[in-house]
């Protein structure tokens, strides 16, 4: 038997996650926000905050086809081939509602295109090791293009690197530490998300007000960037961040933590969150304590939007839109047709405000549905997404 | 069951004059041994492969391609190595719920010590072995010296390791040199190096159980700790040694995963579900959860069965929820079959 | 008296933890503060009581965590925000809990599958099946009435605390009843129990049914407390087992009291609260938990020997 | 003297179990140790075997003081012990059991060949050919397992072998074989410490006997210089007089009857149990006596034949029909050891929801449990007292028929007498009793009639007062009924 290796060829960028920990600004930590995250990268922060103001290019009303500050385009001539196409997808997991909505949206998008005759998707169930095998397996399946939603940035890098020479690779949502994929697609990003919420609180909460920051768990880059941008905003403000707590994304734990803070501090004047899944639990903690719900940051999850409307909250919902699950399919077809795509494809990332709430809130969707699915025009909506 | 006349099988007495000849226990033992639980698991494995092959063929695919064969091996290597260690722990009458967190920890230790340098490989491997042996030692000592039930003791160490890992790490860290990544990616024809590593660990453990004093005593302690102790076995040492071996297996799995991921990752062990899945694979392979009965070949079969199932699911693109349901049913059904066989044997 | 002595250590530990909480947060001593603690602890205490029945009979129930998740997800989808649907669905959830317990019990005793495996399999099947049914994520919504039990108060007392009182009293009475005595005898020596006329299999099945029922009640309280979520039950099985062991109940069966098991759950909850109060959250929380669990388990496991000296 | 134990004292958690005990044995001597249940015999032997460390006193072997921290140390010093409880691994082979903890190794690896050859040689020496070194212990009969235990002790090249009630699980017939083994050990110059409640064995085998009472040494005497009655007096501290209570010989109506009963083990069982009578059941080990009791009790039911009042298919049916069983193995089948005396005594009544349960104390007095402490965990009771709790358990439901399987196994002389009296009282009150026993004197002394079982069948019935020899012949199949 000959000796073979499925390992990425030498010379490609070695994955160094901790290399991201470049110069963290030595910001004041007086407001209770603690040390700045090792994930904070000033240049990325500046870029993302800048992008928020830019008008995206692309067809109006179809944000999943738009690109913010597209910049360098990838030349895709070498991948051009005739249909029909066989697309493949290595999915990190469908282990949370956000990914559920996205996954349904992607399947519906695939169904739109007659020229995709085969679509092979493998679910890594949140296991890095399995996803590595999955990617290897898919590269041998005769796919015309490979879409990857990596489970972990650093650890999936070698597998993606290995796949790149064999077929066009499209990465979306979480990234990888190599630029070998033809394009990397995701919304503006975590800094913008975190800043949107924090800036809202800085504006709405009176100076000296007590703010509680709720984070899901440490160490996930998309979440770390959200917090680090919020920290920058809070550190510059007059607000007093009385606590930064981890909720594990667990509603019961969230509610308990918030209740404890209300008890201990008598009054909480604002709540920041790095993800909205448990926002309703936080709101209820105030209700159950018989308090006015202070300004709060949520996300575009249905139950929160509904609560917002019903209780007339002072709130904002930054988003990390699930419509990004449509884009990789569109990108794959463009690539296979030889059309150019942005090397780094940034999708617009709107925030929902009290003014725009009505346009995003759709009654009769399930509580954990994400409003920015961009799926309303897809066949099967709303039933396929659990609505009625 | 026995003869028409209802007489039970002749059971020889110690007294020579009433001793029954050949038809005695030897014959029965041979009969019971003919289709052991190990054979059952391999029959099941063959069955699943056949069904899988059929289903995939009907689906218009080809089950046994190079990619799937390599995939099955790659997918089972890490779980296989942990399960071998878990087999030892279960055989001695214990169990280890801390392996998942230990795998995360050791993947990080490996990647941090290696720091991308070839020169770091030897110290990295040594550090992993040391750390994991230490964790096993702690498990073993808590169980034997402090008399804490293995379930709670290893759950406790799991939480402690988790605390340490979560405290020190926010995400993947360290890096593994290219040469070490070959462990995760190279293959000899259709056989990945990782599968060879697994085979090596399995053979070593098998040899240990069959040919060494420690192996004999693992069975003895698992069979009946008091009997072993009164027979002069230092049972505490056996349990501690077994836990050290079990943890070292988890450490080796951590090394392999670091090689595959190119870095250490604080969640690679728990995401992989290596704690409960390794236990499931072991009992699927016919090792008694109570200890003292079973062995490595069964576990290898159990792990392969899970991997083949996974591969079939993958090819048929069955969704993860269906997989969980099927896995749950398969595990319970397999153990029910073993239980039936044991009960039949006992009732004779 | 003897019973009290045998519970000694866990109550001591609990008392110390409660005192520490009170020092860190004086509000805890006020009725409202203490009731809030009880309310939070109620689901785990009820689960621990259910788990106790299984453990004292010599078995494990690893399926309760996923059963709790299933309860909440099923409730949301079936109720779908409709008040009138609430009561029938509540009845259905209880039936579902009983059914899962029954299946666990029958497979364990009838097919002689070790309960560790039976309930591990059940855990996989349950979580797979429910999300298969809902298409991956919870859908629908809970009604106000449903949420009342976990969220609202009756006068000054939270509903959950009332439910907890009823469940706790029921558990104590059940253990004092003939069934309880048969159960603990079964866990102690199954053959002797069988040869004394105890229907060992049926008794164990009932223990699983009690645990399933407890999970149903805990699920209703948790869903009520915090609303729909796909991961309410995550890890609860280990917490419940840990709580029972903290209460000095021997894994393997035949020993320990249900009151102590519930005290174990309170202790665990008090520990969480205390760690939170001291800002030991996130990473180190687990490490501290691990150390304390090992330490307390050690103390309680030793207890019977100490007591023997006085006999 | 090869062995000298001097001034041995031992307490368990503050309770003194042994104090100031001396014991010695010479090479080639069989030295018996006797005493009531709980006298401390096993504890003394476990100290010698390194299981427990003595609190006071010392052990000398060949005049050299030794102290053992672990059983393995005692093994190395030449002490082997056959424990009172079986001590083998059912799932392992004979050879593995024999060499457990001392597996021969060559270049670090276990040498199976040597192990099996050595085991085979020892088996052969003992004239045991019915099984081989590779057989799993789980497939062996109790008697065969006993042989494995002995081989295990012999394989250690021990110079001191302790046998703690080696015949408790053997029928008289098999005891003969053991006698021969002991004789061989003696010839080899091995010192044998022999513990038994059966005084006949003591006189048959031992040159000297040491009597323990309440953890203290009473006396060491030459067997040639004492009578059996004197020995009993030494053990009990009083004269027991007549061993068996008188029968009154009046048989009442038939309470239970079987015709042609059979299952996988039993065949053609015809049997009547009458009110007021004690029916003795004799037979060799494995003849199916326990099976018979369990079949009558519905635990391993008959699958053929007639039985009245009914043929029970479950324990509960039998209990409902007024049948009770005092099992042969108290600890494994009779009691929930960690529960209280009260909970054990009430277990039957609680599971069939019948019978009184208020006056547990009176119940305990009725079975002569002293002191009658209902809250005590039964594991802290002596063997005889535990047996009384088992009896109390059945008294709560007032059965018509009570089956006793080896009711005095491992029970001391004093407690035995109490159990005999109780059984006779119950019969006098109209209960029908069946008594299985491997001790022929007791069986003959207690029974109004004796049936003998062989190979799952009833080989014959003998009237009361038959000789032990008649019974044995029938049991071994040498005489047709």
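Labels A, B, C and D are assigned to the chains in the order they are written; within every chain, residues are numbered from 1.
Following the convention adopted for this analysis, a contact is a pair of C-beta atoms (placed from the backbone, for glycine too) under 8 Å apart; a residue touches a chain by one contact, two chains touch by 3 or more.
Here's who's who by UniProt: B = Ribose transport system permease protein; C = Autoinducer 2 import system permease protein LsrD; D = Ribose transport system ATP-binding protein.
Note that the coordinates shown come from a computational prediction; the quantities given were computed from them, not determined experimentally.
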### Query
Is the C-beta contact count larger for A-B or for C-D?
A-B
### Task
Please flag the chain sitting at the greatest distance from subunit C, going by CA centroids.
D
### Task
Could you please state the distance in Å, as a whole number, between where the Cα atoms of subunit A are centred and where those of subunit C are centred?
36
### Query
What is the distance, in whole Å, between the centres of subunit C and subunit D, each centre taken as the mean of its C-alpha atoms?
44
### Summary
Between the Cα centroids of subunit A and subunit D the separation in whole angstrom comes to 73
### Task
Would you give the residues of subunit C that are in contact with at least 2 other chains, written as numbers and ranges?
136, 282-283
### Task
Among the residues of subunit A, pick out those that touch two or more other chains and give their numbers.
94, 218
#### Entry: Residue numbers of subunit B (touch at least two other chains)
166, 319-320, 323
### Task
Identify every two-chain combination in which the chains touch.
A-B, A-C, B-C, B-D, C-D
### Message
Going by the contact rule set out above, which residues of subunit B touch subunit D in the complex?
### Response
1-2, 5-8, 11-16, 18-20, 24-26, 28-29, 211-213, 215-217, 219-220, 223-224, 227-234, 292-293
#### Entry: In the complex with subunit A, residue positions of subunit C that touch it
25, 27, 33, 36, 40, 76, 134-141, 151, 222, 225-232, 234, 273, 276-277, 279, 281-283
#### Entry: subunit C partner contacts - residues on subunit A that touch it in the complex
94, 96-97, 100-101, 103-104, 217-218, 243, 245-246, 249-252, 254-257, 259-260, 263-264, 277-278, 280-281, 284, 288, 303, 366-369, 386
### Task
Please give the residue numbers of subunit B that touch subunit A in the complex, ascending.
65-68, 70-71, 74-75, 78, 116, 166, 169-175, 178, 181-182, 184-191, 257, 260-263, 265-268, 271-273, 314, 317, 319-320, 323
### Message
For a test of understanding, state which residues of subunit A touch subunit B in their complex under the given definition.
### Response
1-7, 10, 14-18, 37-39, 93-95, 120-123, 125-130, 132-134, 136-137, 139-141, 151-155, 157-158, 162, 218-221, 224
